[in-house]
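Per-chain residue numbering starts at 1, and chain names A, B, C and D are given in the order in which the chains are listed.
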Amino acid sequence: MKVDLNCDMGESFGNYSLGFDEEMMEFISSANIACGYHAGDPHVMRKTVEWAKASGTGVGAHPGFPDLIGFGRRHLKVTPEEVKDYITYQMGALREFARASGLTIQHCKPHGALYMMAMEDEKLARAFLEAVAEADDKMIVFALNNSAVVQQGEVMGVPVAKEGYADRQHTKDGSIVLTRKSAMVEDNEVAAERVVRMVKEGKVTTHQDEEASITVDTVCIHGDTPNSLDLVKAITDALKRENISITSVKDVLGV
Amino acid sequence: MKVDLNCDMGESFGNYSLGFDEEMMEFISSANIACGYHAGDPHVMRKTVEWAKASGTGVGAHPGFPDLIGFGRRHLKVTPEEVKDYITYQMGALREFARASGLTIQHCKPHGALYMMAMEDEKLARAFLEAVAEADDKMIVFALNNSAVVQQGEVMGVPVAKEGYADRQHTKDGSIVLTRKSAMVEDNEVAAERVVRMVKEGKVTTHQDEEASITVDTVCIHGDTPNSLDLVKAITDALKRENISITSVKDVLGV
Amino acid sequence: MKVDLNCDMGESFGNYSLGFDEEMMEFISSANIACGYHAGDPHVMRKTVEWAKASGTGVGAHPGFPDLIGFGRRHLKVTPEEVKDYITYQMGALREFARASGLTIQHCKPHGALYMMAMEDEKLARAFLEAVAEADDKMIVFALNNSAVVQQGEVMGVPVAKEGYADRQHTKDGSIVLTRKSAMVEDNEVAAERVVRMVKEGKVTTHQDEEASITVDTVCIHGDTPNSLDLVKAITDALKRENISITSVKDVLGV
Amino acid sequence: MKVDLNCDMGESFGNYSLGFDEEMMEFISSANIACGYHAGDPHVMRKTVEWAKASGTGVGAHPGFPDLIGFGRRHLKVTPEEVKDYITYQMGALREFARASGLTIQHCKPHGALYMMAMEDEKLARAFLEAVAEADDKMIVFALNNSAVVQQGEVMGVPVAKEGYADRQHTKDGSIVLTRKSAMVEDNEVAAERVVRMVKEGKVTTHQDEEASITVDTVCIHGDTPNSLDLVKAITDALKRENISITSVKDVLGV
């Protein structure tokens, strides 16, 4: 058994530092690197790509809304054309830093409100997938189980990795609960066991204590909480104990 | 005889419209497309690239300082690393729109204060050239005669097109006078004759009424003045009368 | 009979010019001056306040969302605290320019999506009104008939001027239709007669050809369309013919 | 003997946290609060003003260049008009939050490159002082010994508090050394003794080990270093041991 671990990276900006990117890199297999809209700047992007290269972590674009003050977390009523253009812009910017390091972009995962809106809205999902497909028809997108992105990805032939969250509550339909406080899984061991169960059994207990089926090609870990390094260690330890290998998402999907 | 004509393009932003890009495209052979820092946005970039494609105009990146309020025209005390990162970011973003249209980026010309600072400072010139060379070793840079970019471009093996300005005053050493009011050549026919003389004779009369030698592989026309369409028509007519063909900068340089 | 005429002003930004502010000032009695978030910059703000002073036009704050690329027209999922803080910030900035010219801020009218959201959401309406009341308990707010701002303004004791639109279609409940193309009243004389009828009869024909009652203390004219000067002239001429005087909104409200 | 202690505050932004503002407030007597250009946002500004109020700390505006990515630390070639407009805008924004808390703005101290440029350039110094004087003729400005601001402040009748730095090296002429690494005074006790000597003896040892005279009405402490709370405690303890009271800058200047 195998699974990919992904984490948001490169979300520092100018004088502001966020997360433990360099330390986190060795534990994860996919880095979602912010592209300068909701977070990140050109210097941070170059450095984060170099850290990913040093640790052999897959480089992914993590585009967001042009809302630095809101960290890309606020829904913004955008058109599909705006979604497509914003993703093309940010993906291209990151891709140039990847190329400068001799790397390609492995995957694309939108950030925050852009992610949630693409999951729920078919037109925005298609706009996101078009931007990715135009850039590289081998690029993998990350998406929630049963989301519009999963559905449209199949129609459009874009490879999709299905995602579970280590430290967020899931809903019955495969989505996640965003209200940040109550929706956190705060105990690292509990979170780690949840991850193991998602991977081994394809099951997760929802925020309403129901059982739900879930497919997890990749597991998302948040890197901007004070205990994120402890969390990722708990998860990688638990996966090792179960002989589940953490590996490239390409390998997981067999593409 | 032949020469390339270049013009700044894609400098609209959101609700703000600037220039006559679509109309201008048919007259010029190289479009310097803004990349979202000093001007331009993702939607404008996509549209401008499509116009360039429709008219067969060469697509160039036109990166600037992150100073939208100052339109990238104010000197900003940056490090070579900042220059390199800013150019890599913006060039990558534009490149993705070019790729989506099936095009490559032909050239790179920085904007405003970034352009002038790279021309004058050897370290910033190298940073600019490194960003370009990392992206594509066939990419051409545009630079003023006798500038640090010309000198460092030779050292680093980056192809450089030497540039004259249709509507700006030149100095004896090949630079241009930026004080905008007094430095403008306001009569279109005078500007056109200056361009012809630069190309045919390699001569220009400086702002102090001296004769200076100048090599012009490409001539820059500003597209954001009310009379810029008249200016470009006057220039293209004058060049035609002299049997000087307006052609791709690659063709001019023979690369 | 009397009415106030208001127009959005100061929406230029840096190198980008928008509207005919200086010419428009003499026709209107209330200027809604952008405050640097959705449009406007410090230089534009100072200049626009000075134009308002020269023509005796009332100065109002026109705060918007921090979304320059979308010109503040896109709904952004904000909290009441964010609305309040954004308005306090922008109003204070404008107020300082007004003070430097020896003026006070007469009114506050939010822009675009912030305006529409405050009209429809009671909590956002209260946040808007709190920011205004904290700043100056004499400051007037502009609002659509029957909106949450009108209702909460009464509860909180904030003076509200009810607003009609010269060049937008109204709905039965006093709101306006924002889909820009189809919702425009494009004939200036038709728009002028609509304004007269709103003021004299308190009636407007809705976008669905129904009759609706409307109270108009102030009429909004858009200043960023190519024909806005013709529109405002047609309206002021029509009002004069009917002996309706265009006057300060304070005078209209009797405060 | 008495002295004012000032510290930069409110430099968090959106999701990014910087400094120990709430804890620092009780040690200092003047808070320089960022105004949203180089750092800070409306929510941070409101909160920081409230903390200042709770601790009785004087509220000051800390305007900077519109260069969030560079934290306002990079020289930007601006005109005096731009300096004046930027300061008026930011001061007004902060003033509105102060008013909402029932406070007035006590002082104004520009940030980073704007501070250094105003200290060195007479025209920029005057522009800064004009913005302050227009806002409130009782407002105090903070400035380096022998700077253009001190000179022009005398000419224009703007009260100026002369400033020393606890943790930066000084030059012979009263300026400070900005090259951050080598210019830091890293030992807290050494810094504290320097402060005591500046206040008691009016002397400081320069970065070149010379003696220089210095007048310190106020001492600046940087709040964004990991050890800033230890530093401020060392300084306040040392001042107490010498019976030097830390008090309002108005009290120090006797205005």
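Just so it is clear, contacts are C-beta pairs under 8 Å (C-beta built on N, C-alpha and C of every residue); 3 or more make two chains touch, one makes a residue touch a chain.
All values derive from a computational prediction rather than experimental measurement.
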item	value
B-C or A-B, whichever has more C-beta pairs in contact	A-B
Over-half contact-pair match to C-D, picked out of the listed pairs A-C, A-D or A-B	A-B
Self-contact between copies subunit B and subunit D, residue sets same or different by half	same
Between subunit D and subunit B, distance of the C-alpha-averaged centres to the nearest whole Å	42
Subunit A and subunit B: spacing of chain centres that average the CA atoms, whole Å	39
Junction residues of subunit C, two or more chains touched	41, 69-70
Subunit D to subunit C touching residues, read off their complex	36, 41-43, 45-46, 81-82, 85-86, 88-97, 99-100, 134-135
Complex contacts: residues of subunit D adjacent to subunit A	13-16, 18, 39, 41, 68-71, 73, 224
Touch list for subunit A against partner subunit C, complex	66-67, 69-70, 74-78, 113
